[in-house]
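The letters A, B, C, D, E and F name the chains in turn, as written, and every chain counts its residues from 1.
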């Protein structure tokens, strides 16, 4: 994607983006980046460009990330096996140590570096900084896997006030100082709720909500909270999508403006979703528009 | 210009604009809009869109305008003839009254309204507000035509600090409260110098500096201050372009970053000049790059 | 009025003014200046001196003005006739254009210049600046005559915070950018209500509220809201004074401290009303004192 | 002085004061009040009214006071005799204790109370507060009489920023915490110099500088620094007036705008001197005007 | 108390103080210092050191003081007798004058000087400054003895915001400017209530609340509000302790965190009470812990 | 170290610390923590307590850390060998990746967590955040080992202004976004110089500067810059201590107040060095005191 564009087209495009720019000025957009969406270096660079562009035209992005595949890769390199219970890794002390190193010292660092390639715009944070994310054990069987019980937004607010982009690794802490690995989707939802974000975007490796799971053409482009309840009721939404969509509905109910499920494998999917009429993912809103 | 553009192209274009956005963040750009450049309503709407877009992506535009043709039209409607000396209208008390009404109550108001069509972004000012532009009589024969002797930038600074776009009608005032009509090119230059603007853009109805006056294809796209002096010396720059180009050179010498002469009759010429490589006008810089 | 006063008297007077100064420190006073009150240049200079003096001793004046007679004069000079419906001018596009020019480019400019003769104290504004006054059509038959639907006070607040006197021309705007001429009395009332002003003063060409319309000696110096209702009920207040006085009562009910009706033809009537016990007009208060 | 003044005269007077108000807006005026000028309760009330009025019209008065007669009275009531060397009281520990009590607990308190009768406008300070006035012993023979070596202006600046009038008792302190009685004229001069005051006014019980000491009609209304040197040279200024006038000249040389010597026994002398053309005292300026 | 301590012990002690420092960061502590607690110069120096140390480790002390014994001493030196009604001095004009001088010019000054021996940390205030303490006559028979009716906290807030320690002499004032001597215990309570202080500490010359008045070993170290009511009910608390303890209970009920009664004759009693587990006085809390 | 201390001793100690507290209020203290000084968990907890205590009594600590031993341990666990040239690890891409993970995700995280055990006081940063530490390759042979070329202090300043303790991992970045491992001693020196720190403390595993390398009793407690030059000249300072001490001298020359070399293996060595007279390490100053 680097073909030359005629100057006239450039101007045309910029002006078509202006209404979006007006609408989203100052909007807080929490973007959760899944580990699966960061596998290619090119996608990471695309993602960084998108986030910086959104920042430059007046939005206030907050990046939240996990790093499951990367943690797994390093556990393998260290010859350590993991057990999973209900899709959550059982996290003993050594696993937690590796998870922290990978999330804070690798994934977070790489994202911050990619963003800062455009100028000094990003600040890496973890939930341990000034006790931003507070957690308790999720389930004794899972070890150091935590559930978030509180978000202290001051550090995020200050980072935004400095006109910087916070990039948050999802390690949380309890009052005793014990750290926990927390689910990044949950962390992003809690942060978005606490900030009363205008938008919460999940970048993952699926296209969004499909009317028929097996049919990628059946993407539902927009859905209201009440409609989600109906589709769960009649079984159209099923399996792993039930908690996912219920979580989206709940975030809306707690004050988030809209939730977007988009496919992080599409180049520049963030810009396509937020600044064009392309409608590449699923948008969840309070009421059907 | 309202054909549809494919979403992928949109994304491509926005990303190509990003380096310009980075480079010009926070830059103060004084744009002088000639009365000739405002004759068509469509051009005025284009101009407003350009200014708002520049504002939204982080530049700080300051609009300075005259209104010669509009003043002339109203003087005619009132059946009043004007005399000109060296291209400057002889301004008696009645002419001054009409000039003020037209500049402040018509041209300025229309520009502010056109800009505010995108949201509450513009504030109309005149040099009389808080004595922003101070003048003395330019030449007794010309009546109430003034030369600017001082610019009080506080009101402009405050307007920019409010994240608003100042739109300035070029009526100035002396210590006794007598008002004067001042040349808008001069006013824009003085304001740009006082603000130490990054860019000063003149929108007029000529393509820029031509190597051969009769040949519109001979546009000089970039020229340094020393080169201007050479071209004035060897007669390439002649006639009315001599004071114009000497003024550009002087503005650079007094701290303005660059001066741009562009043709206001080209739609969206501001975006083309500032955000693309199109190079549609003449850019004057301290040193040839 | 320029006889010399003995220094001892000066001191005496200043000290007698001190309690008024104490009482009104920081008070927001919205002063509506009718077009009829600006006919003489001397009265305009007197008015400017009064406003600057009030500003200098700690009050925060906000000037709101119309300009009916001046608009009429220019329409005549342009040979344009106007129709009036219920005392409001039918305003077609050309009339609106003239009204804007006269209000913003002449009356407003003259007031700002008169005030700034004392130093850089005044800033000319119109309802179009940053969409300060929002309106909708008042009545389709009247054309571009608007009713105010919202006041955005931020620009006024900022102007006061800059220690400047806002001078507001009563042109309003709707969301589409269409401008309207609005009644200046209504605009002043809406602005005073929005600012929760301490005082709202109407300078017109009548002495105030008269107990007997034909008897200028029957001036009512102070009246409470409940008393106004009684006098409307028993017919003492009648004709054009009914909406006027009902408007005053409504302003008080919506939080304005007091409303004053004074005769702008009396030199320095503002100072006489606000800083002496002379009682030259009618003061409307919440409760009879 | 409480006769009624016609409202028209009031307005006239206020308008005549306006140019003075404009000229002195924001001006820092250090007023030194001698103990002799405070003997009558009526004069004290007059003084307080003057200071509050100056404050209300935009000046920033700073009051500095001594209290020689009051200290003397209390020493007498306690049956304690004092010795004087070169006009300065020899100050033993007991005398210092009494001086502090009288200056801080009586004179300062009475001034603060008199000023606050007009509203909460005054804050009593002493040089000991936050080590505002730093001193060293003036002369071993004089005991606890100090010479000021430094002024820490922060507390005065903060008091002015709170829009309060600082009233300063001239007790100073050294680094060890030992307090000293300091000459109030010197303290006022040092404070005015440190603040780079616009005016320094000495209220005493003499009319000002007289051309012929014995002739009160020979008051010199204005004198320049160079002229003072001449008059000292030719003996016109002699005796105790030599150090006094030399001190005035030095204050001007160190940046104070003008120094005024006025007779505190004249009612409202401050207003007469600063806000009228009466010229009741002697003004010392950098250059003869 | 100046024996050398081994460095290791120093470190140990500082670390043991850390939890107290954490707990009390930013806490407002109103300390009432009785005249009896200031009789020895050594105790005064100890007190100053304690207050500065508390300030330096992050608490915000506010010192309130009376000066009964010192006033008595000066009345005696002046040969003036006093009458007392119910433990309150009958205060005629002369007594008030002496009280003000002693409180503001001696006790307050000495405290400020003692505190400032550690650096410029203290600012002396009286209730007359900016009308901080407003009072009315307590009882016509007592003369100028006042009861506090309002506290204006702005001056205290500003002093704390300047990172200075306010030291307040308990002279109050009414709207007419008449001053009053007010009970320092009451003043401290009203100030603490108005500031919603975390702690209110009374330094006096008794050990605290004793279970058996005659037995100094029977000190009650901590007591809840409800318990106070019980002990008053069963007569354990009797005599002069009834109003004292009722006052403590009332302060807690109006929002003060805790009230401490400590013996000012014990060196460094403030530090012992607030920063160690020594429990040297009586702490009154909302609920028994 | 948890024996009980008598309350009287506590008070004694606190008061002895007061002069140090006064002297260091607001002082910026950059503390470089070597990887060797963090081997024991108890030492890490001690270190955290010391830093928080210094913060609480008014100093502004900035922690800078490396992590050589921890990096080595993880390289070993991954079965990766390292080469060293002149004591610096040759850093290939994989080594850099591990170094970042260990420094940012392990050592930094553990320090932040240890500090935050006392409350939300610490914020983890890396030189990559907002491009705080800018570097270039130190030596092509060493791979991704960088030399610092610039420090952008804004993020540190903001963190201090938020009253938080910055904890900085010494990973730097160049304009292209390439990261580098930088020497932590150098980073601490550059940061201290950029901040014009009052103190720069190196915690390592040696006692300080020894007059005779083999004799730990020959510790030099204080040394001036000129004295260092002499001792290098006469060979007393030799081997690895030459660049170390020259670096200290250079830091002083560039504006750091003093440099301290202390033994991180001594419990609470920071408090001993900064708040007692124990003199446990070597202090380098501009002039011998």
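The rule is simple: a contact is a pair of C-beta atoms (placed from the backbone, for glycine too) under 8 Å apart; a residue touches a chain by one contact, two chains touch by 3 or more.
Bear in mind the structure is a predicted one, so any value in this text is a computation, not a measurement.
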| item | value |
| --- | --- |
| Path length in the contact graph (chain B to chain D, fewest steps) | 2 |
| Most distant chain from chain C, judged by the mean position of its C-alpha atoms | F |
| Chain A and chain C: spacing of chain centres that average the CA atoms, whole Å | 55 |
| Chain centre separation (chain A, chain F; CA means) in Å | 36 |
| For chain A paired with chain B, centre-to-centre distance based on mean C-alpha positions, whole Å | 44 |
| Where chain E touches two or more other chains at once, by residue number | none |
| Topology of the chain contact graph, where touching chains are joined (line, ring, star, complete, other) | ring |
| Ordered ring members, chain A first, chain F second | A, F, E, D, C, B |
| Interfacial residue positions of chain B with respect to chain A in the complex | 1, 3, 5, 7-18, 21-22, 25, 49, 52-53, 56-58, 118-119, 267-268, 271-272, 275-278, 280 |
| Footprint of chain C on chain B - complex, ascending | 77-78, 97, 100-106, 108-109, 112-114, 116-117, 119-126, 128-131, 152, 155, 158, 162, 164, 171, 173, 176-177, 179 |
